[in-house]
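Shown below is the structure under consideration.
First chain written, first letter: the chains are A, B and C, and each begins at residue 1.
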Amino acid sequence: MEFTINQIAAMLGGQVQGDGNEKINMLAKIQDARKGQLAFLSNPKYEQYIYTTQASVVIVKKDFVPRKEISTNLILVDDPYIGFTSLLEEYHKMINFQKTGIEQPSYIGENSVTGNNIYRGAFSYIGSKVKIGDNVKIHPHVYIGDDVVIGSNSIIHAGVKIYSGTRIGNNCVLHSGAVLGSDGFGFAPQEDGTYKTIPQLGNVILEDNITIGANTVIDCATLFGDSTIIHQGVKLDNLIQIAHNVEIGKNTVIAAQTGVSGSTKIGDNCVLAGQVGLAGHLIIANNTSFGAQAGISKSIKDEGMKMIGSPAFDVKEYFKSYAVFKKLPDLNERLRELEKKVMSKVEQ
Amino acid sequence: MEFTINQIAAMLGGQVQGDGNEKINMLAKIQDARKGQLAFLSNPKYEQYIYTTQASVVIVKKDFVPRKEISTNLILVDDPYIGFTSLLEEYHKMINFQKTGIEQPSYIGENSVTGNNIYRGAFSYIGSKVKIGDNVKIHPHVYIGDDVVIGSNSIIHAGVKIYSGTRIGNNCVLHSGAVLGSDGFGFAPQEDGTYKTIPQLGNVILEDNITIGANTVIDCATLFGDSTIIHQGVKLDNLIQIAHNVEIGKNTVIAAQTGVSGSTKIGDNCVLAGQVGLAGHLIIANNTSFGAQAGISKSIKDEGMKMIGSPAFDVKEYFKSYAVFKKLPDLNERLRELEKKVMSKVEQ
Amino acid sequence: MEFTINQIAAMLGGQVQGDGNEKINMLAKIQDARKGQLAFLSNPKYEQYIYTTQASVVIVKKDFVPRKEISTNLILVDDPYIGFTSLLEEYHKMINFQKTGIEQPSYIGENSVTGNNIYRGAFSYIGSKVKIGDNVKIHPHVYIGDDVVIGSNSIIHAGVKIYSGTRIGNNCVLHSGAVLGSDGFGFAPQEDGTYKTIPQLGNVILEDNITIGANTVIDCATLFGDSTIIHQGVKLDNLIQIAHNVEIGKNTVIAAQTGVSGSTKIGDNCVLAGQVGLAGHLIIANNTSFGAQAGISKSIKDEGMKMIGSPAFDVKEYFKSYAVFKKLPDLNERLRELEKKVMSKVEQ
């Protein structure tokens, strides 16, 4: 993966000043960049670095006029920041999608079909009757059970475990150690104090454009034909627990170590901070925000609420209460003083 | 896995109305069922669906009399719900235990023995001197260290990691990504601020009928001959932390993301909600309940306590205090008003 | 691994009383030890056991004089406890470092180099251009991406996943299921409510003498050339979340299930209890302590603070406030009583 400055300028629709044939193999910050690397200058605060940078080329604004001599090449564009981030994205895609082919040993069961341009890493396991779309990247140590469906352009990182019957859409990214479709936590208490396992026969559905963080777990639904559903555009961070029959609305974002209990439905475009816990069987309205470590014990009907605390309530009210909480020993003392005064007045 | 209606009726001790030779390959809800599937009707609220269902057969109560024409076959039993759930359980067992044989490549070390009817998935690893009972299912990417013992009828899902010396009983289910026997977190502070690792030489013991959730971790005990012990019938959800030398009493149930610190002993038949944290070296009485996100810093001697909060106390008392907490700004204001009044009276 | 009593005495610089040729293959507690095992007597409280122990040899203090007949052999040393723990450590190292060689099938990519005396377990995967030092132990199912560097004497337990570009120092221990270098959780909100993935192009650096617990996750930094950095001597427990661009100072210890949000810098020699959560972009001074379940929302400038609560403040102050919190219903009642009294006085 090496491009000439001319090639990069063509991608960005920019103009080259200097040697367009020099080769670039890396992107870097202007203050750190070395020979063979590309940087950008957008914020004027960093202009000083363009006179000293070792970068082979710097993307600058079309109207940039150097105040001193510069030794680097330039690519002139409308917006250097957007230009740079576009390159970042392209580079990232290239890295993520460059692997193709089948490393050995790897395993694939009967009646499974895979699309074009896929990668199956060594020690990856694909069960029977699995359908996998184009450009899917299945890294080493991935386990895919029977009857799983995976759409196109999805990346399954090393060591992800996908139980039988799971359905995954297009453009999803699953990070290492994520588990999809493990049994829901369902046990019926018996008279003798033991628990009987309730069979977990549903599955997990991930729609399109979903990211699942490392070591996050999503349990399957309990009944046949039922699903734990993650709607399109949802982003889940690491070490999150999603219990059986949960449904998460589109474009909802959940930070690390949050847990959602069984059968709770979270609306669209919600934002959950880290280490939040939700009880089971709740319905959470669209556009709800939960602060870090919030504990949610009731459904939320009104959209746009911002809540924190355990149990959670309005975030502003919470912090007002908490401000008084910090002074409680003082408040207690003031009350005691007042009681004494009043008592002495009463006794007078 | 296909049965005739006659075969299923025989399993349930029921009577067939219709074509007993039709074949069934799936269970489903009465409103969703299709040809080849079996449903049940227990709640009269759902009776309407029996007249329109596509199911090949519906399990109904012995005394059920259709009020309209029905096109599905029937199996008449004493209790359709119990009949259906029995079939679910049988079906679940069949799914879980249907795999047998050894997929290649898989690895087994010297002097290891396995029982009858076991499954060893591709890329599974069994160390040396391991003993595995009958009907055990070892899915792909499972790692089993040296000197491990596993009883009969246990299911080890894909990617479980079991360190050397661990002992697992009969009828246990370990979900993907669970880790058993990792080092306890023991470090001795040195004078120069560094920490010296305390060797962790004990093991983990799981008795019978235990379920361990996905990505849950159970550390080994510190000393030779000591064990972290999970007693029979315990059910652990996903992403739980069980530290070194912990002991969990029989039939105790723990929800996701809860953590138990080193050397704490939890009694029998306790119920711990999600995201609970317990300090180390505690002793928790039988039948204790902890609410979600509770923080437990002291031992509990009396059985049957229900606690919440951090640090936790009686759940009813907690919610009374929390109700006042929510009004603390108001309470503070009332106190201020009262101080003014009393002050003005005193000044009079 | 079997030694004679004479050999062990030589290692400890101690003197043998009895049969120095007897063979020892295990260490145990004096009350549990059997033939072929070694125990120690340090605390006089346990002296009784030396007269009944089945141990083949007991390490005792140089000046120990038995008050009854003893049947075990003795090794006399200056400090039996230190002698015993030294043996434990040696034994632990021997166990951890005894495996060498390459089990098959295992995978190694092009242009990767490994040092002397390394172990590569079956189904381990090493990508391209990887450099691995001497005595490194790579257990089964470990995944090591491209361009990874691992120093000498590090142990990578079964199933650890290390993304491309990660750098790991000497004497590190990574437990099963740990993930290093997964994408940071970075998404830019778009006008239509969807999120655009921000490419994560940095890496993770672990310096020397670091322990990472089972199923702990450390995300890579966002930008090229940036790193999430764990400094030397840090000990991380299980199921911890370390987000992108975090930096953890040397000899800091973090207990299980704690989460650190993006770009936060934690100082040296800090102690974080379990289930603590830190917000992003904070700077935490050296020698800070956080109690269990603390929620940290602000930077901490002064060294040596001890904090708890969510949001956290001084631990002593917190517990004073919490003591009043537990009595809030009572306090509320007292205030109401006082209001009545004052009101009646005012009305008089």
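Worth a mention:
The criterion applied here is as follows: contacts are C-beta pairs under 8 Å (C-beta built on N, C-alpha and C of every residue); 3 or more make two chains touch, one makes a residue touch a chain.
Going by UniProt, the chains are A, B, C = UDP-3-O-acylglucosamine N-acyltransferase.
Note that this is a predicted model, so its numbers are computed, not measured.
Of all residue numbers that take part in the contact between subunit A and subunit C, under half occur on both sides, making this a different-residue interface. Here the C-alpha atoms of subunit B line up with those of subunit C after a rotation of 120°, rounded in steps of 5. If you average the CA atoms of subunit A and of subunit C, the two centres end up 26 Å from each other. In subunit A, the residues that touch at least two other chains are 105, 123, 141, 159, 177, 215, 239, 257, 275, 293, 325, 327-328, 331, 335, 338, 342, 345. Within the complex formed with subunit C, the residues of subunit A that make contact are 26-29, 32, 88-89, 91-92, 103, 105, 121-123, 139-141, 157-159, 173, 175-177, 209, 211, 213-215, 233, 235, 237-239, 250-251, 253, 255-257, 268-269, 274-275, 292-293, 322, 325-329, 331-332, 335, 338-339, 342, 345-346. Subunit A contributes residues 105, 107, 123, 125, 141, 143, 145, 159, 161, 163, 177, 179, 182-183, 185, 187, 193-195, 197, 199-201, 215, 217, 219, 223-225, 239, 241, 243, 257, 259, 261, 275, 277, 279, 293, 295, 297, 310-311, 313, 317, 320-321, 323-325, 327-328, 331, 334-335, 338, 341-342, 345 to its touches with subunit B in the complex.
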